[in-house]
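Have a look at these structures, which come just after this line.
Same chain, two partners: subunit A is paired with subunit B first, then with subunit C.
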Partner chain A sequence: MYGEKAIEVLKDLKHNESVPIYNQVGVTSVMQEMDLLYLTILKINNSEELDQSDPAIATNVITHYSGFMRNKRCILAYLYERIQRIKRLRWECGVTLPTNIEPNLHQTEKGFFDKYDKLLGDYGAEVNFDLTSDSKPPKDAFIEIRIIKTEGEDDIVLEDRTIKLKKNHIYYMNRSDAEMLINRGLAVQINSR
Partner chain B sequence: MSLEATRINDDKVELMRAWSTEKFYPHILPYKDNIVGRLQEEIENARNRLLEQPETNLTTKTIKELEIDRLRFLVISYLRTRLLKIEKHVQYIIETEEMFDRLSPGEQKFAKQYFELQQAHLNTMFLGSIPDVLKAGDEDNLRVEPNLNTYVFCRVREDLGQVDIEGEVVALSTGDIYVLRSGSITPYIEQEQFDLI
Partner chain C sequence: MGYLDIDEILSEQENINVMLNNDAYDLATLLTKKDAKKNTDMNVELLPNQDLDDSIHSVTSTSSDLVEDDEDDEDDNKKLNSTNIQAKTKLNMPYWLAKELGKKHFVVVEFPSWMKVLESCKADWASVNINSITQHFYNFGQDLSYYIFNKNKFSEEREELAERLSKNVFEAFVKRFPLILQHSISASTENNSQIVRMLSVLEERLYRTGQTAQDEYANWKVNGVGLSIVKQSILMKQEATTQYIVPASAQKPTQPVDEEGTQQQARKRRKNNDGSIRATAK
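Entry: the complex of A and B
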């Protein structure tokens, strides 16, 4: 049945909220089916024995054409939804792809992520804001955070002081500094409501 | 309050209205260039004021810092809401001059480049291998127009008397709140006579 393989490809996305492994095999087999449909249409159109005005022949062509377009829609939906999710990763996880998701991406999708990252960065530079920060309205001016990772021995430069962070220690600092550390993966917020 | 402080306050109120309306209205609205510019300056000034004259009273310090954070959130969220709307309807916005004109220069550049990125990606992954003959209608594959059939809460900003909205006569007085179909209130939104909440 034409179009079945395309549905299987789409099901990947239904069962997984994030970005599952790129289904190269699935997509290729749909494209092969599309080739087949296309060649069949060509053959019918170019045939000298078949009567083009015969409704049966015309219906044949239309069926194949519909199958082709259906496959095209499904694959486009698959690719489009994946890039929506990849964009969301940039907003939620920052400039590097999470290590558990990176292997799932097609090479071109990784390129998309990088180029989108640059786009966001350029626009952010123009408006002078990191648009991915401040994702929730602030409730407290100060946040408690716990350091989960330290980067080397360097002191961290905060807004009004420079301090040395110790792993597993808890610090109470203002919101923007805390958010910066959280976004860099160095700390987690505790007592969040 | 000084003249400057009054204007900043007015700007905050105005941006809050614009932000709220932008969140709920399907179409992109005109960019509030002046207000965003002044508030950005204010955020920096307020930060600098705090650094130069550190507040010793902890309560006051907390309040001042929170106020700056809240302003930051407002401006960033306004820009973010617009950017996500632009991404969603990028083809429609680029192709509709009236809508494209509502974008800031930075947003216009973003819109064009994002659209190019999206198209290039899809062409490379898939559309490039489709025979030209079967490409009819490809331009509109992912053209998403804003859905004007959403229902929104409107607050009336000025007295407008009895008005006909899609066959129903509605009395519009300042402060009234109505639930209306977003497509039916376009002129009121464009002339900023309604806020969306």
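Entry: the complex of A and C
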């Protein structure tokens, strides 16, 4: 039956919460099925022996056509859902993609991520405010962090001073500076008290 | 969201019985079950030398002798005669296909067999395992009843049945909602996997939403607003200001990973330069 391969592609996506690996094989086989369906319809339309007004022929054409549109719908839904999840990643994880998800993206999806990132960055620069930094309203202006690794550079430039960070030490500092360090993977937030 | 909604797409995949109103040209290999074994896959990949016409021809000519010849067919297509399906045959096909064919009145979409089961379910909706009927019960049931009512009537009796199906689906949802609500609230403390297995796709989504809402609420009660938290944040601000006042050159890093140590140091810093302890809010 037409459309079964497309449904398999969609089901894989549904069972996985975040972005699974791009199903190149699945998508190409669905496209091949669509080509075949198109050629079948073309053949019937161009054939001179068949009576085009006969409902039997019409049933045939409609069946193939519905299969074609069904495949199209499934593939579009697949691509759309992946795009939505990638957008969510940008808001949750920041500018760099998590390393376990990055190889799962198709080339064009990576391009999408970069362009979306640029869009947000440009907007943030114009408005002078980064929307994605605090997803929940911060309760406190200061935050406790522990440094888990140093990058080799000794002096980290913070808002009003440059300091030297040492591994495994706890620092109490500005929320924005701390977020910057956390995003770079150098520190972890301590949820105490 | 409807066109691209994955759950809706999956709900239209349900199989449904239809009855053909007229003949169907060349669809026996696709739609009739007994051909399944002989059916060469329509999705065959073309070999480099193979012409597309050849592959289609080879598929259609391996049809079975199941269907009778259609008398109206021309003599040219005698080879393909046996692949036609006669009128009034009953077929089983996915709902999306049945919908399209039904719009043009080529088929009569029949009600699913579980319609009769619904009457017995009325006694106690809460205990029904809807997954055994179909996972997409609500979507499918509502869509089918509207579709038959609007586009595929064919008789007054069917109109009535469609209305009844719609009412049953609605009633099922209303009666089962308290069950979902109750179980989603207790999700953190009880093991509800038995109940979750009985829920349809829509209900499971509701259940998960309820569960996350409940968890966030519990989290908020512990970590969120509260007098003790406000006091602590005042304390932390005081510590912060004292820390910042120390010039950059003289600043020493705090002790590593020592909760008590940091608290002790905080207490130390609260002492004024002349040794007296600064008053703090308690």
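In this section, the second predicted complex is superposed on the first by the 191 of 193 C-alpha atoms of A that agree within 3 Å, B and C clash if a C-alpha of one lies under 4 Å from a C-alpha of the other, contacts with A are read in each partner's own complex, and residues count from 1 in each chain.
Rule of thumb we're sticking to: a residue touches a chain if its C-beta (ideal position, glycine included) is under 8 Å from a C-beta of that chain, and two chains touch if they have at least 3 such contacts.
Since we're looking at a predicted model, the values are computed, not measured.
Judged by the touch definition given at the top, the superposed model places A:N128 against subunit B, while subunit C stays out of reach. By the touch criterion defined above, A:F142 reaches both subunit B and subunit C. In the superposed model, A:E81 makes contact with subunit C only, not with subunit B.
When the two complexes are overlaid on their common chain A, residue A:E33 makes contact with subunit C while staying clear of subunit B.
Comparing subunit B with subunit C, the partner in contact with more residues of subunit A is C.
When the shared chain is aligned, subunit B comes close enough to touch A:T108, but subunit C does not.
Contacts of A:P55 after superposition on the shared chain: subunit C is touched, whereas subunit B is not. Looking at subunit A, you'll find residues 65, 76, 80, 140-142 touch subunit B in one structure and subunit C in the other. Those residues of subunit A that touch subunit B in the shared complex are 27, 31, 34, 38, 65, 68-69, 72, 75-76, 79-80, 83, 87, 106, 108-109, 111-112, 115-116, 119, 122-123, 126-129, 131, 133-134, 136-138, 140-142, 159-160, 174-176. Across the interface of their complex, subunit A is touched by residues 36, 40, 51, 54, 62-63, 65-66, 69-70, 72-73, 75-77, 79-80, 83, 87, 106-107, 109-110, 113-114, 117-118, 121-122, 124-127, 129-131, 134, 141-142 of subunit B. Of all residues in subunit A, those touching subunit C in their complex are 1-3, 5, 7, 10-11, 13-14, 29, 32-33, 36, 39-40, 43, 49-50, 54-60, 62-63, 65-67, 70, 73-74, 76-77, 80-81, 139-142, 146, 161-163, 166, 168-172, 192-193. Taken in their complex, subunit C has these residues touching subunit A: 3-6, 9-10, 13, 20-27, 30-31, 42-43, 45, 52-53, 56, 70, 72, 74, 76-77, 84, 93-94, 96-97, 100-101, 104, 106, 229, 232-233, 236-237, 239-240, 243, 248, 251, 253-257, 259, 262.
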